[in-house]
Amino acid sequence: MKTVVVRNIQRTDAALVKRLGALGVATVHEAYGRAGLMKPYLRPVWAGGEAAGTAVTALVHPGDNWMIHVAVEQCKPGDILVVGCSADNADGMFGVRDAKSLREMGFPVWSKAISAKGTVKASLGAVNVPVVCAGINVIPGDAVIADDDGVVVIPGKDAAEVAVRAEKRHADEDGKRKQLAAGVLGLDMYNMREPLKKAGLVYIDEPEED
Amino acid sequence: MKTVVVRNIQRTDAALVKRLGALGVATVHEAYGRAGLMKPYLRPVWAGGEAAGTAVTALVHPGDNWMIHVAVEQCKPGDILVVGCSADNADGMFGVRDAKSLREMGFPVWSKAISAKGTVKASLGAVNVPVVCAGINVIPGDAVIADDDGVVVIPGKDAAEVAVRAEKRHADEDGKRKQLAAGVLGLDMYNMREPLKKAGLVYIDEPEED
Amino acid sequence: MKTVVVRNIQRTDAALVKRLGALGVATVHEAYGRAGLMKPYLRPVWAGGEAAGTAVTALVHPGDNWMIHVAVEQCKPGDILVVGCSADNADGMFGVRDAKSLREMGFPVWSKAISAKGTVKASLGAVNVPVVCAGINVIPGDAVIADDDGVVVIPGKDAAEVAVRAEKRHADEDGKRKQLAAGVLGLDMYNMREPLKKAGLVYIDEPEED
Amino acid sequence: MKTVVVRNIQRTDAALVKRLGALGVATVHEAYGRAGLMKPYLRPVWAGGEAAGTAVTALVHPGDNWMIHVAVEQCKPGDILVVGCSADNADGMFGVRDAKSLREMGFPVWSKAISAKGTVKASLGAVNVPVVCAGINVIPGDAVIADDDGVVVIPGKDAAEVAVRAEKRHADEDGKRKQLAAGVLGLDMYNMREPLKKAGLVYIDEPEED
Amino acid sequence: MKTVVVRNIQRTDAALVKRLGALGVATVHEAYGRAGLMKPYLRPVWAGGEAAGTAVTALVHPGDNWMIHVAVEQCKPGDILVVGCSADNADGMFGVRDAKSLREMGFPVWSKAISAKGTVKASLGAVNVPVVCAGINVIPGDAVIADDDGVVVIPGKDAAEVAVRAEKRHADEDGKRKQLAAGVLGLDMYNMREPLKKAGLVYIDEPEED
Amino acid sequence: MKTVVVRNIQRTDAALVKRLGALGVATVHEAYGRAGLMKPYLRPVWAGGEAAGTAVTALVHPGDNWMIHVAVEQCKPGDILVVGCSADNADGMFGVRDAKSLREMGFPVWSKAISAKGTVKASLGAVNVPVVCAGINVIPGDAVIADDDGVVVIPGKDAAEVAVRAEKRHADEDGKRKQLAAGVLGLDMYNMREPLKKAGLVYIDEPEED
């Protein structure tokens, strides 16, 4: 592990990030080919928050928050701090404390745990190097979109293409939502009846005798 | 696994379901001999919701929601969709997405996880066959009662008897609640002092030297 | 296991408990040398509650709440009931039911699970003996502080010293909070730049070629 | 929950069970349409054991083994005891003790945990009623096949058909195993190249620039 | 947390420890009133090992093994090192590495995880103070008995009484084992038929119609 | 997610991989600055196996093994297949079956679970793209070292430097092992006494009164 702080990272274009944020995690994740979604154990500390920004990363050792202080200095407006733990335990080590204040301030945080456990400042890590967080490899500057459904990460080089596809998807879904609200079934809207029949699905009127 | 859709299921009487729903999960579960309770990892997506209905079941493969579309067509007002995963992983595969919308719509959902993870439509499952969900075998048409304390399932054939017993229990509990509020101890209300003494419980005034 | 109920326990001074409660879990835990914090799986049943009191303990067998009734009689105003399970399973057995009522009454509870699972009254345990709960050994009369960040336990004999240290810490943190709000970095406030440099941290302007 | 012991259960034909046992869990599970597999947290207490038999079921309360004694009397040679816990905790309550003796005796057991935790004999359950165990609903008399890969349950009424299909599958797999050993690729053996191409899979010779 | 090393601890009598060790974890745990058993996530690194000794304790911070070196100096022949983590994460931090060597040397270790994760030497803890390990509060000098069924801890002051009761239990069990081997049922040996009948257990010959 | 197969990956030099493999997971992980270690839930299917090779990667969807067949064709002698799941569930989906055969063949596999669960062949993934597996981002061609202590991944560009450092560490450890075997304490060998004293560690001869 290199113990460096990288100062000049290449951030995904802010306008792109904003467009992705407007679409929400589920749509962006689908538009990215069902990839980029962090593991579902990462949950919002308070419900209803939403965030979209560019990743500043910190690689830390379990129970040691020295690098977090270093990383904060590298954060600019529009950044989201992403913390990865080097070779961590299955459960990770960092929780979040002051949950109540975060909720009151409306400061959005997604975390694996809430815990008041104190930390030390003993081991160097790194800032703005690639880190794995909740199962996703995050490159500094990547677009990070988070809401009640989880957190999705889109590499900077793919952000433009994903935004276009996600917006198209969103427009399509909008129409579909209206149809569903009007009572149309998914079965019909997606033309599933024929493929289901072909695959062998059979309708019967009485449960079989057990 | 039979890849069938059963159309005409026998639903538990709606009036019975309503009576059970009015009593809540804890009382119904007790009245059913402490049985029928789904595992506690099934949690409401938003707090405060309550639901009581008859089970329409879907048996799906992990990560595949094809059968959910098929099942929705079989749902009538008063039904609750119960999804089981064939031989699934310890953690199951289906989360729930659009958590925020569900909360805003007041649409009640109980789930093991919240996740934006996309699904495929590739494998046939079945609709309205018995499924195991969160440790309980659910027969289509069973009464399903859900609130903040969890989810309990009562087989249709037992619903009438359980409703009577649960209502009696509820009436008893009502009296007990009033006594407890008036300061009566559980020890006295349940006449526990004698059996505790018989079992060997001893009161002492000083902790023993360690 | 002794099956006893100890009646006259020595409670931590109420004024001390109040002072600790005013400081919150995170500050008290730090002031106690980063010790005393219960495992983070113990979560509040509803967000925003706070409690500070003296421990009345109950040692129970899994799924058996007989001793809880016994313990309630030993509780006085200002007490918090702490329940430990003898040699329990990894997940423990006691959940909490009636979550909705607890929220409505504003009755604060911290628990590993919410579950309507019924219990029996079959095995003796003990009341006001030391119990391990969520990884902490709790002596009857210990100070227990709980909020959204978790639960911390301070032995009675250490409470006065911890209160002093925690208040000092809180005063210091207050000044720090103001500095942080004014834009001062943790790096500067804690004089981290020099030790970080000494430890070998290097700032670079471009990510290295991969 | 009915507190009954059912004496005369209908056991799956012993010859069928033997045929299924000879094929192993993975093949039988596939032949049953990828269904019937108990959750993977059920593991053999010692590696290398194999068992095939008919289910005698016991429905117990957590930490209470009274019904196990009752169930043992109902077991005949060729039976496998399947224990389900009524509305149990996520982790279940029963471990297995005397692991060393079981290994030395060559007595095969599959369990969620190994634990010396003592049990009580306080609550009635039932014997030879349907129970959910590790996610599968088991009917008394069902065929149960267990080996190092896990445990699969085949309902008596399906056993004959599954045995035929599993034997055919096994014969096919035997041929495939020989081809694979001879160096044939799965890609060719299963004719996957065309469908993969159609689905859009592209081969490239250099990783793309990141 | 006091950062001390206590040098002169009072060890449980070696002859008593030996007697307890000869009886095994399950018997000792039962004889101690079903108490003292560490959580079942503590597993032997290799199967078949057994250990009985007196506890030397180390209280460490997550990922920091400084105190382990300090504790080793305090260990004498007949001691077992018990490591507790101050306010640790749900999963703890210390695994065990060099699993293969431990197996080859026949050096018995019980652990929550096996992991090669490196540690730091940065924070003081304590040696020979009470620690909570796997749910049990361990006092330095306590008797620790470990085998394939888990780990049980008996306080020094209770060891003599527990040894007597456990030996009596063992002698009784020996007779019972012979009876069971001769085909006697637990139902008869423990005279369960009458109490089961009284409790309401009913034998029927045919499963009820569903 | 790109649905591609990359054919010409750049493999870490085989001689380097061999050197790393000879040193074992723990030493290599330390020499790499305590980084690169996969999460400890990845366990060997059978104890005692060791493997060192270059990564061929497969990115799959949960429960879908189509890409594994594709990946096998890309494997050459000396490769290790590393499977990552796109945005998978906390528990992942792929277990390993035929555990017994793997043990008998001496074919080494590290896995999160053993499960006979069948898979489908429905969704494209990718082969030889970077994948996150057990918390580590693996680039095709990286060195992968696995033994009973876990799995560590060293990027190709760092392998030479890590091998040198790990060999030096191994030589040092060899000397230390001899000293330890001769009865030297870690406290003395690592000169810890002075820093421990400075940090405030105090030796006392009697436990304090509680």
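Chains here go by letter, A, B, C, D, E and F, matching the order in which they are written, and residues are numbered from 1 within each.
By definition in this document, a residue touches a chain if its C-beta (ideal position, glycine included) is under 8 Å from a C-beta of that chain, and two chains touch if they have at least 3 such contacts.
Because the structure is predicted, anything quoted here is derived from the model rather than measured.
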Item to complete: Name, by label, each chain that touches both members of the pair chain B and chain E.
Response: A, C, D, F
Worksheet item: Once you count every C-beta pair in contact for both, which comes out on top, A-C or C-D?
Response: A-C
Worksheet item: Centre-to-centre on C-alpha atoms, which chain is most distant from chain F?
Response: B
Worksheet item: Can we say the copies chain E and chain F touch using the same residue numbers, with more than half in common, or are the two sides different?
Response: different
Worksheet item: When the centre of a chain is set as the mean of its C-alpha atoms, what distance in Å lies between chain D and chain E?
Response: 31
Practice prompt. Could you put a whole-Å number on the gap between the CA centroids of chain C and chain F?
Written response: 36
Discussion item. I'd like the Å distance between the centres of chain A and chain E, where a centre is the mean of that chain's Cα atoms.
Written reply: 42
Worksheet item: Residues of chain B that touch two or more other chains: which are they?
Response: 3, 29, 34, 37, 40, 61, 87-90, 113, 115, 117-118, 210
Discussion item. Residue numbers of chain C touching chain A in their complex, please.
Written reply: 25-26, 29-30, 34, 37, 40, 43, 47-48, 147-150, 152, 185-187, 190, 192, 196, 199-208
Worksheet, complete the sentence: As the complex stands, chain A meets chain C at residues 2-9, 46, 66, 69-70, 72-73, 95, 97-100, 103, 113-118, 121, 124, 128-129, 140
Response to the item:
As the complex stands, chain E meets chain C at residues 1, 3, 29, 32-41, 61, 86-90, 130, 132, 135-137
Item to complete: State the interface residues of chain A toward chain E in the complex, per the touch definition above.
Response: 61-64, 87, 89-93, 113, 115, 117-118, 120, 122-123, 210
